[in-house]
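Chains here go by letter, A, B, C and D, matching the order in which they are written, and residues are numbered from 1 within each.
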Amino acid sequence: PPYLDLDRLEARARETLEASVYDYYAGGAESETSLTEAPQAWRSWRLRPRVLRGTTADLATTLLGSPVATPLGVAPWAYQGMAHPDGELATRRGAAEVGALMTVSTSANHTVEEVAAAAPASPAWFQLYRQHSPEHTADLARRAGDAGYRALVLTVDLPVLGRRRRDLRRDFALPAGLRMANHPAPDDRPPLSANAHPSWTFDDVGRYAELSGLPVVVKGVLRGDDAVACVRAGASAVWVSTHGGRQVDLVVPSAHALPEVVDAVRGETAPDGSDVEVYVDGGVRAGSDALVALALGARALGARAVFLGRPVVWGLATGGADGVAGVLAGLSAELAHAMTLCGVAGPADATQDLVVRAGWLPR
Amino acid sequence: PPYLDLDRLEARARETLEASVYDYYAGGAESETSLTEAPQAWRSWRLRPRVLRGTTADLATTLLGSPVATPLGVAPWAYQGMAHPDGELATRRGAAEVGALMTVSTSANHTVEEVAAAAPASPAWFQLYRQHSPEHTADLARRAGDAGYRALVLTVDLPVLGRRRRDLRRDFALPAGLRMANHPAPDDRPPLSANAHPSWTFDDVGRYAELSGLPVVVKGVLRGDDAVACVRAGASAVWVSTHGGRQVDLVVPSAHALPEVVDAVRGETAPDGSDVEVYVDGGVRAGSDALVALALGARALGARAVFLGRPVVWGLATGGADGVAGVLAGLSAELAHAMTLCGVAGPADATQDLVVRAGWLPR
Amino acid sequence: PPYLDLDRLEARARETLEASVYDYYAGGAESETSLTEAPQAWRSWRLRPRVLRGTTADLATTLLGSPVATPLGVAPWAYQGMAHPDGELATRRGAAEVGALMTVSTSANHTVEEVAAAAPASPAWFQLYRQHSPEHTADLARRAGDAGYRALVLTVDLPVLGRRRRDLRRDFALPAGLRMANHPAPDDRPPLSANAHPSWTFDDVGRYAELSGLPVVVKGVLRGDDAVACVRAGASAVWVSTHGGRQVDLVVPSAHALPEVVDAVRGETAPDGSDVEVYVDGGVRAGSDALVALALGARALGARAVFLGRPVVWGLATGGADGVAGVLAGLSAELAHAMTLCGVAGPADATQDLVVRAGWLPR
Amino acid sequence: PPYLDLDRLEARARETLEASVYDYYAGGAESETSLTEAPQAWRSWRLRPRVLRGTTADLATTLLGSPVATPLGVAPWAYQGMAHPDGELATRRGAAEVGALMTVSTSANHTVEEVAAAAPASPAWFQLYRQHSPEHTADLARRAGDAGYRALVLTVDLPVLGRRRRDLRRDFALPAGLRMANHPAPDDRPPLSANAHPSWTFDDVGRYAELSGLPVVVKGVLRGDDAVACVRAGASAVWVSTHGGRQVDLVVPSAHALPEVVDAVRGETAPDGSDVEVYVDGGVRAGSDALVALALGARALGARAVFLGRPVVWGLATGGADGVAGVLAGLSAELAHAMTLCGVAGPADATQDLVVRAGWLPR
């Protein structure tokens, strides 16, 4: 693939989008310290390449039983219709084109079923928020199971909506007429905070697994103790995330929470008896970042994946399905390249000795 | 409450106040390294949020027996008449409006009794400096007890006045006619350093407790050994503070002295047999800073509180009592929000495992 | 020698060279983080000078049996014909003039034999890439042995060409007509990536030693385990390098990989029974950097050397053979000076206690 | 004393002096990294003030038997005639005025005896370089003893002159006619490097003690092992210094070498059976810096002192003897103030627990 310049891509997206929409996508909570820190945090690690391995990297792996061409997936993000008329459908097609997994947000502008149908052959997961009533939420979980999603992702870091400075300053509201496809009618323009409710507890993990008949991934876990509690409550995987720095400011970055989480779940088993999988997202902006992430997750016994938020946003905003595919292909190529340069044969070969903390960093 | 933008508030206060008064309020000692470092120091810690706790935070707590609606209180600061005609009276009313505790400075422009009477139903503490003669000082302590204050705060980090660069450069003097309400007449425009005298020792702690009949808080403690000595000398609480970076420059910031102090007093008991309380101030500028502070103080067994200096100054200067209430309510809302996002039910639930040192910080 | 101002030298080279060529020489992989970090990394160490040693430094040493006047050598770099019409011949003569060792790249614009003949009395090494076919590569190794080179340097950190942002952005190609002297005819303008092939394994080390009849140096090693594996596979020396930050971005810098490598090979023996030698390059820009490098390599029992890439590029581009000699003499003088100031008699006297990690660095 | 603004003072000195002279005074070796780092290094420590000590600081102390009013002394610096017509005589008078010790450089523009006579009642030390011949140097040592100096300071960090970038760039030479008062005639305008000779060894320590009949201080020690060797060779005190960052660049700063040195000499005894004294200089620019230095030196059993170089240069250049007195009085006042604020009664009461490494510093 041609050289992927994410900075330039973001700059182009910024020109394309309305300022308030761009800020909604790009912004973070409070002082945006965690937003800024997320990419830097990957870079507080350094790679220790292996030589003379005579090998070229192959990115293919299997996530919760579904084969994918790359360990880089699409994180769930809301209201994709503001970025492109085809919204989630375009993202889905772009991801499918390059064999990447997409996680579809509850806050989508197309329904559970519509997005499922956009690329039925390729695996996707559905991300669940507590939506209006518990009943409606349970219904969404069931529909996700029926529609052929391969897993249900419970996002647990949004008991209340984060205080996003940019949105608060300009009192941001979703554009009139934006379709809230998974909301109960006629509430098609709810406030941004409508998805937030602090009611969920660990019991909900097993409950939604049962309701949907799908393996459950808990997204937004940043502590080892919580990760273990999630697995014991019925999760098949945990997803380390700060929600893109949009919820708690001054939160421990994914790049430093991940080692703790993988160490904690090392002895645990998923409900179906297989190894617990651990995923991560937040500030991954280069192939080398992703390789650091895979290596830091290496002590987990199950498969690993790295999810991308904003890079996909900019891809969709600037190029629709092709833009999404371009971003995923570009970063996957960078990752494969970094792996080959480090003598790493594939995702499972990215062992922990591949990274070292850059404790010497003077600035 | 509406979005609180402290930077903008300070900018507005700067426009309102005379430059020399603004600098007196904003400035710090010598190179102002400690002034600048104080807020950064909270941000050298990171939060480790808990998920799936199904809880919403409640800020109410009890400080030395007085119930308050928020663990955020008003630190004592001098000469509030320069910021607003109603001075301490306005601050008192603003704090009472939102159920926050106010500490009233000796260097007030209204008397001990006048400030007490401004909001009699709501709890307040009186902060004592060694004022002119020991006799006059003892008298102030007695008057504080009589006027219904709930505690006496001995500020011990001012044996001599700090060398504040901005004030020294312009040879700052208090405005003519500013009423020194707690000074012995007719000395109503004493030099700024009149409150400073290096004579106090640990013996004074018990002595003022007796004189006032009030529990004594020692303010300005930064070492574990000193904290223990204060408690053994009769203090009910210690208040970790660098005096807003106005006294010793290059001093250990509160955010790094606090853990040592709470660990040291853990085994100690207040004169009335209850647990020692530990408070902190200095550079707290966001809800997340306050949550870090509460968590760092968690190993203390008694109640905890976080006090605010300059944010309240800017609130008073720009909006009088309403401005004070606005700052306290705004920061309390941020704190409650951060707590809910971290699965923390209230001040006492902010345990130490909630924070981790950001040792990875490259810059 | 007169004062050597490397920054000014680079600025002059930048004016002289075409922008694309300058960028090819100066640039690094991906985000160029490792490129930038390399010189800083030496400066994350500090020197601990010895006093009252009554000694003046002498730089002479012996590398793989060849005496040299300075432990600073010329790292292999490609396509020197773009910097100066005489290319490698000029570099060779400049290095010989000051008694420094030159390593000649496979990607030279003069043949193995031509460069050998340019300064036959002075020692040189030949650096080998896998070139087109294994047969042609084997042939190059044999020719290097025949032409009188004293060692074969296998560069192993280029299984694929690094993604160099500047070159990718402008789609850089070598100038038409640039002579690929060691390529099989008529392929005289291959893409930059033609030297890269991920096929080499540890077995190749011994194989090329045999083919060439020369001691083998493995260049591009950054881990202790790999260093040991290289020696056990038949290497006489390992060369710690990040390839000038041109291959893996976010790689551990040489200044922090070196201690691990020397510790690892400490117990190992070269094929001829002598001590393993350890060399290093990357971001050395001052005599004090080189002294840090020698001290960090001190636990190796064999001889040590420090190689220079870009400083020599700028020397060649601005002054031909004289420019190369000037850079090598200038940095050697700085190194000797730093040694004398530190009470160090020569390269072998630069013990590890001479350096300490600057862990206190605030910025 | 009035507020001392060192930055402003230096700015005024810069206006007063010729650019080349200013640069000679202000500059450092090579990249000037160590020059810049010296003051920052003190600030990588933080103070831990003690409260309720009821004490005001008294700066008086005794150095090698001579009582001084302040532990802040004047470091030896060369060619003071370029800063002020009265040169060393003015500095001497200024120091004596405030009871501070002056160390007089060999490279003075007035003779050993002239400077001695300028303030005969107040103690001074003579700093010795190896000057031209060993015989002439021995003669200087003897003359220093005869002239009533109280100690001989051997500066050992100048085996060769440091490479000072600014001077090298403009090929700086001393002004014609500047009197080299301690040089053998008629060589009155020797190159700057004439004082440098790498011949001294530890044996010279005892030899010069004998020749001069004075206690010997070894200046320029940065390692514990060297410090012990100096004492065992006959030194009564060691002086931790990087020569103002003018010799080795990237050297360990005084603020981090000092703890190692004091720990090493703790068990050692001076030739006369008394405790070894430890002094320090380099980048001390504020009272708090000096207090950190005294505290870091606390584990030495003998007296401690802190010397000032450039601040005195700027004082002399802008105000002659009064300027020198002003700088010494101003910084002493700052130091006394910082001590009182920290509950420290005097130099000997500045114990090591007064400081903590600011390991949290994010930037």
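What we mean here is this: a contact is a pair of C-beta atoms (placed from the backbone, for glycine too) under 8 Å apart; a residue touches a chain by one contact, two chains touch by 3 or more.
Bear in mind that the values here come from a model prediction, so they are computed numbers and not experimental data.
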Q) Between 0 and 180 degrees, and as a multiple of 5, what angle does the rotation take that fits subunit A onto subunit B by Cα atoms? A) 90
Q: For the copies subunit C and subunit D, give the interface type as same if over half of its residue numbers appear on both sides, and as different if under half do.
A: different
Q) Among the chains, which is located farthest from subunit B on the basis of C-alpha centroids? A) C
Q: Could you please state the distance in Å, as a whole number, between where the Cα atoms of subunit A are centred and where those of subunit B are centred?
A: 42
Q) Per the centroid of Cα atoms for each chain, what is the distance between subunit A and subunit D, given in Å? A) 59
(Q) Rounded to a whole Å, what is the gap between the Cα centroids of subunit C and subunit D? (A) 42
Q: Note the residues in subunit B that touch 2 or more other chains, in rising order.
A: 43, 358, 361, 363
Q: With chains as vertices and touches as edges, which is it: line, ring, star, complete or other?
A: ring
Q | Interchain pairs in contact, sorted by label | A | A-B, A-C, B-D, C-D
(Q) Quick check on the complex: what are the subunit A residues that touch subunit C? (A) 3, 5, 42-43, 45-56, 286-289, 292, 334, 337-338, 340-343, 356, 358, 360-363
Q. Which residues of subunit C touch subunit A in the complex?
A. 30-31, 33, 40-41, 43-44, 156-157, 159-160, 162-163, 165, 168-169, 198-202, 204-205, 218, 220-223, 226, 229-230, 233, 247-253, 255-257, 357-358, 361, 363
